[in-house]
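These notes open a run of structures that come right after.
After this come two complexes, each holding subunit A, first together with subunit B and then together with subunit C.
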Partner chain A sequence: MKPFKSLRQKPKEQKQKTERNTTSLQENITYFVEAFHRSDDLKLRILEEGRAVLFYLESLADQAKIQNEFFKPYMKMDDQEVMKFSSGKKVHDRKEIIKLLLKGHSAFAIDGSADMLLFNTTSAFNRSVEEPDNEKVVRGSHEGFIDNLMININLIRKRIENENLVVTFEKLGKLTNTKVALVYLDGVANPQLVDKVKTRLKDISVDFIISPGFIEEFIEDHAYSPFPQMINTERPDKTVANLMEGRVAVLSEGSSTCLMAPATFFAFYQSPDDYNSRWFTGTFIRLIRLFSFIIAIGLPAFYISIVGFHFEVIPKDLVIPVKSSINEIAYPPIIEALVMVIIIELIREAGIRLPTPVGQTIGIVGGLVIGDAIVRAGLVSNFMIIVVALTAIASFVVPSNEMSTTLRLLTFPLIILSATLGFVGIVFGMLLLLIHLSRMESFGTPYFAPLAPLHVKDLKDTFIRLPLFKMNTRPKNAKPIKGKTQATSREWRRDGKNRK
Partner chain B sequence: MARFKLLPLVLSLLLLTGCWDQRQFKNVKLVLAAGVDAADEGKVESTVVITNVQSSSEGPGAEQTQIVSAAGHSPLDTRTHIDQKISKRFDQSKLHVLLLGEELAKKDIYAYLDMFYRDPKSNLHAQLAVVGGTVKDALSLSVSGEPRISEYITGMLTGERRSTHMPNTNIQLICSELLEPGQDFVLPYLTVNQEESILEYRGLALFSGQSYSGSYLPSEKAVLFLLMKGIRGADAQMTRKVGGDDHPDVNDFITVDVKEIHRKLSFDTHGSLPKVEIKLKMEADVLEYPPNHLQSAKKIKELEKQIEKDLTKEAKEILGQLQEVNSDALGLGRRLQAYHPKAWKKLNWNEVYADIEINPSITFEIQSHGITN
Partner chain C sequence: MARTENKKISRRQFFFIIIQTQIGVGVLSLPFDLHQAAKQDGWISFVLAGLCIQLLIVAMWLTARQFPDDDLISFLPKLFGNAIGKLLSSAYYLYFVCVCVLILVLFGRMLHLWILPNTPFWVLAILLAFTCLYLISSGLLVMARIYTFVSILLVIIFLLLVSALPDIQLVYLLPVGQTPIPQLVKGAQAAVLAMLGYISFFYLYPHTKGTPAERLKTMSYANLFVILFYLFVVFVSFTYFSTSEITFVPQPVLYLLKAIELHVISRVDLFLLSMWIVSVATSFSTYLFMASKGLTDMFHSKKPSRFAVFSTTLIVVASLIVGIDEQPIDSFTQFVTHVSMVFSNVIPLFLMLYTVSIYRFIRRKRHGKV
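Now for the complex of A and B:
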């Protein structure tokens, strides 16, 4: 009857036990009402003087669609024709019907038939495709993922018109049955990687999955590392770029975040803006961002070491200004730094939750008033304010929110180390950090690549961004099976003659 | 899990060390200028200038200076005595200037610098100078317009260095010259002018071995000396008398700025004592010459000849003075050791240095004369 049935069925999955409808309408309807625990939003509409019933979950179904899909054609038909609706789907398995009802389908049951007709009447409330707030770019695409899985995949497919783009669905969460999509580009993505992600996804056995954040913790390699090991984005263009490099994307229903694996440390420092601007600018901004990494984790520690241990390194002309600034501060520099860092975190956290106008007020009160008063009160020195403010700004330079929070967190251990051991402490801290970064792996890819292990060719898109026509090979990070990205471009000459 | 059991151990290792080896910058008394004098009974007297700054929320606060001296057996002994007179402890790691009293400099100065070479925290870039009179007087001066004596002295020395009146000297740079034979060094020589309450730069104190010879090269001769040594600051200005009679006026003088020098040292080691020849070629700009006939090549030749003669004479005087006090500040010995090791081994350089023949020959060339003719 259905020629493509074997294609659509997943062979590995065991078939669930089916429970057939009976031919009695009364029995069937009672079954479903009980199955939904007499939930009040299960609406029953008695038709044909009690010989037929249309039922659906009022909260999920769209009234207008019911009108169009069911009632309009229904009115034109007589009883005998009813079961031949072309738009309806005949189902007799009760479990299946429950599943479909939960998606917003409406079921039409008629006395004397075990089959029920199911119409897709799902109501969809989608926010519009807008630019994500936390990943804005100056130039380039201003579309962002929304909370609907199908529209998100649509946004990706629109950008890669290629039959090799594969989407596979998984249901995760034993109670929530969240639909999760695995997207990759066949022929580019490494099959081993795809298998790895699939296996790990299947191994999730938890009651509920709300967002990709849940998935990430279940499938990443090093759950106890502070560093994010999957790229998080709400941008379709970024997703597409990563798919083209051979990465695998994981999207889930009800969330606008897309997860991508494998991730490397330097991937978190790339932004679509780098490629939209000229390559000089892109390189410069990339370097600024990587420099901000050093500032964000090391500057307070460096300053504390200097004023607490090694003040002989202060430049000659700065000695008196620094001395004057910290001379009568009541607390040692570590307390100063911790107070300031915590104040900044408080202001930041308070600002996120509050509506924009109030958030700005908090920013001004926190930044200006507290900042000024705390110096006048002699609790924190001018220089510490400069240092901590610079650190906070540097941590926000990273395009990825996950990496940014990680950086702010890493400041603390380094502050403590520098306050106990000075420069030696910083060296120890950085050493541990480097060891950790170098030995980490994300889905089989070294996390600190292309630095450790060194791939000189891949540095073209790490510290710098070379012109696009120079990027002839894909980065080896994701171990893609197709290396070349282009034949030689720019074969023309400025005088119009061809180079060949 | 084992690694979580280890965590408190590691944390306590870090946190329980406490702050015992911290040196809080806010808790130290900052010493930017210091000096040592000779005291009675072979003791030394150290003087330190402590700069106290007041805290301020806007820019650097007001500064107060505290001058403390104490005598002791050694520089570090005096340090203990000074600490007993002040609140907290003083710290010399940001020292800008170290002054040596004239009397003390005549002894072996290495003994007073030893503590600086040993301590990794000490500022080896601190400028050194010899003070005629006592260091205590020099550091106690209150110079109008110069709130910090350390800034005053370093500023003065930097200026003199730029105008080729002294070489770049600091504790680090003189170290090898202190310890090696075949090379002596010079230090700036300052005197205290109590009437005007200022310090004056006098010239270069000539050291022989590790002690001050007691004579200094006046600052007028310092330029030529440094040029012979191959050192030139930002400018090297010399004013020389050309022409005129016994009643000189301003028109008899020419001021030149030496732009480029080519120096050649050659040794003749055939005799029992080596002969040294210093060939110095200078190219200079005329900065000041009121009579002004500089468009004529003849006039320029004439001037060049006259200056050459004058400079050669002066060079001989300088070398005479160096040999007299047995100070090999030009480093001829080291040069001999490097290029003629056989000759060097036969000699006891310290003894023969005073007797060897050194011939300076100076070529002077005027390159330009400004935008007027």
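Now for the complex of A and C:
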């Protein structure tokens, strides 16, 4: 490695704009290393004491194929014959070489020749890449990350065939030495953000890192908040979409979860499905999800405060049914609510790790039998069952598992506040929640944006989803350095009109 | 410098802070107070008060523009020297504390009368004060974000009031202009109490982006918005209740909504009251912010949280001493009204006169010598 050691340490030089290779090997290799922004998965193998180099993207190329296609014939030949490899393709156009490298080819370069030999060594992984269970979509990609870091980066690289995609590796965990990859799109991601994530990753000093959950807890801003502050996903398409918005992704060896920063509250309410369906539908579903947030967090509290404090809020036709339903119940509404919420949590926790058939049985026994019997026994009123069941369903509407757990946890303080102070309690609970959300920042981005602070332009992809051709600017959340994402796309339509 | 620039609030946020501070505890009882003073011509005194406040805003602006980087507490010593400046600063601190106490007891009494008759006042006082303490501890920028966000509630309040429009009788406004001037002035005094909060201009001005003229414009728009919003509330209450009825309803806005029954929910007034709590919290927070920031600056301290906690505790204790019985609250309201006349109107006016005449002269002389 000695002749090229300088490459890994030297500060960035001016990128050469030449399209053709020169005859100097040093110059050529420098160009490619710089073109990939010194990405760590660009592997250089020095041959012939520095007079020849084989290089490829580690995450895309197949080691066995390189052995077969290159090294086996190479061993049998002497230097002069090398360029006459039958399986290789001679290329001297640098852009072309970059393109091929991004497809998984490996390039062989020798000093004194402007041509490089390109071998097709694209890896074809046999391990199945399955759709993640907790993030299913109706339409769109059904691939998911698996537990191998290189394959995961491969899945991302396959979707972004661009030399600006940078991968840097870190070793975390003093004893486990877990390989962690930081992925971002140079030219879009904010350099300050990248630096921030890098410094925080480097600052981790623990013996072992098992999963991204560990990393998240070490690098997030507010460890004492109930809200998740990094987007968690097992979907490559979601990762790619977020990288394109200027976010930074963190993957780790041995885990199929990808972490992305910075996150905002509303990012947890987005799903790739929104973009695969028509935009009316996408908007409608998104509004339903946000409505579910209000139900999940406030419905039991609202019901309790009505029943306990403000009975007069119920319209007069409903007063008798409600009153007759709760008249027979021995316990105050707060006890009813707490009992029901805890029962639902029990059923959920019991069903989650059991095999599917047993899980269903638990669901039926828990949901139907207990639900029916508990009303007949006079422990909980009909209305409370409806309210708590709705709340539970609403909390599962959120596409992100972490956020849904948070919501169910936040129901408890609100129930207690509403049972002690009625509407006033709810108002103060919500106000505290709002203050908390607005105070938080995730890697320098306000967590509750674009509502607080208000970015009117970014609302287009938060509450609603406008047609894709209307979204010409990137959301400001990740503070991307390149604002525009596209020029006008549906020009043919305007042309058509003009012709008429 | 770049960092302070980032921490400045935008003019939109400035606008919302002002309206959220001005619209507060008084909105529910303002029509009643106006009516008591000036009968059906109360709205005229309200407009008068609004115009006076606009003049005051210009006066405050003339002062503030001389000190682009200083808020009230830091420029008082520059104007009058250390001793008098400190004295005035302390007086302002006490004034803000008094306003906080007034907001707290009015809030407590309203909740006591309308929804929570059995809850002890100290629970409500602590809840409100410490929620606001949590809010102001996050800094002006976060406050601005939240104020902007909760302004959506003003729209909802407006829509709720619109639902009362079919039942109004314009004839209740007649006869116009029969009230003698002294009573109109008395009404204007009550109106100023409801619109207090423009003094926060002195605190927000150095922390807002934009040229001096732009900031004055934003402030004027905010004032205009507040005048129009209040005027609408007053108009609906005055035309919904007749001149003789309104003397029996101390919170006309709530009473008129109580009668409305939507199909899904009854008792809309309880929802209005809940939203009003947020408005109260925002006004309270601004005053608490001004008080604790003033105190922190006076001691040149780097630990603002201590002073904030101290001020909050002081306010809660003082409000518990005043209590929520009718008699002490009324006399305390009178007291704060008079004090406000001095601190929110007379002193800013005096500051303006002093700044544009004497201070300018002194400064020019000082510069001339150097």
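Please note the rule applied: the second predicted complex is superposed on the first by the 367 of 500 C-alpha atoms of A that agree within 3 Å, B and C clash if a C-alpha of one lies under 4 Å from a C-alpha of the other, contacts with A are read in each partner's own complex, and residues count from 1 in each chain.
By our rule, contacts are C-beta pairs under 8 Å (C-beta built on N, C-alpha and C of every residue); 3 or more make two chains touch, one makes a residue touch a chain.
No experiment lies behind these values; they were computed from the predicted model shown.
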Discussion item. Looking at A:Ile46, would you say it contacts subunit B, subunit C, both, or neither? Reply first, second, both or neither.
Written reply: neither
Worksheet item: Does the superposition put A:Val365 against subunit B (first), subunit C (second), both, or neither?
Response: neither
Worksheet item: With the two structures laid over each other on chain A, which partner does A:Ile426 touch: subunit B (first), subunit C (second), both, or neither?
Response: second
Discussion item. Which partner chains sit in contact with A:Val375 here, subunit B, subunit C, both or neither? Use first/second/both/neither.
Written reply: first
Discussion item. Quick check on the superposed pair: does A:Leu454 touch subunit B, subunit C, both, or neither? Answer first, second, both or neither.
Written reply: second
Item to complete: May I ask you to decide whether A:Ile435 touches subunit B, subunit C, both, or neither, giving the answer as first, second, both or neither?
Response: second
Item to complete: Have a look at where A:Ile314 lands relative to subunit B and subunit C in the superposition and call it first, second, both or neither.
Response: both
Worksheet item: Is A:Leu102 in contact with subunit B, with subunit C, with both, or with neither (first, second, both, neither)?
Response: neither
Discussion item. Need the overlap of the two footprints on subunit A, from subunit B and from subunit C, as residue ranges.
Written reply: 309, 312, 314, 316, 421-422
Fill in: Complex interface listing, subunit B residues touching subunit A
14-15, 17-19, 21-26, 28, 30, 32, 51, 53-57, 59-61, 63, 93-94, 96, 121-123
Item to complete: Please name which positions on subunit A make contact with subunit C in the complex.
Response: 309-310, 312-316, 421-424, 426-428, 431-432, 434-435, 438-439, 446, 448, 451-454
Discussion item. Using the touch definition from the top, list the residues of subunit C that touch subunit A in their complex.
Written reply: 12-13, 111, 115-116, 119, 123-124, 127-128, 131, 134-135, 138, 142, 144-146, 148-150, 261, 263-267, 270-271, 273-275, 277-278, 281
Worksheet entry | subunit B partner contacts - residues on subunit A that touch it in the complex | 306-309, 311-312, 314, 316, 319-329, 332-333, 375-376, 378, 382, 416-417, 419-422, 425
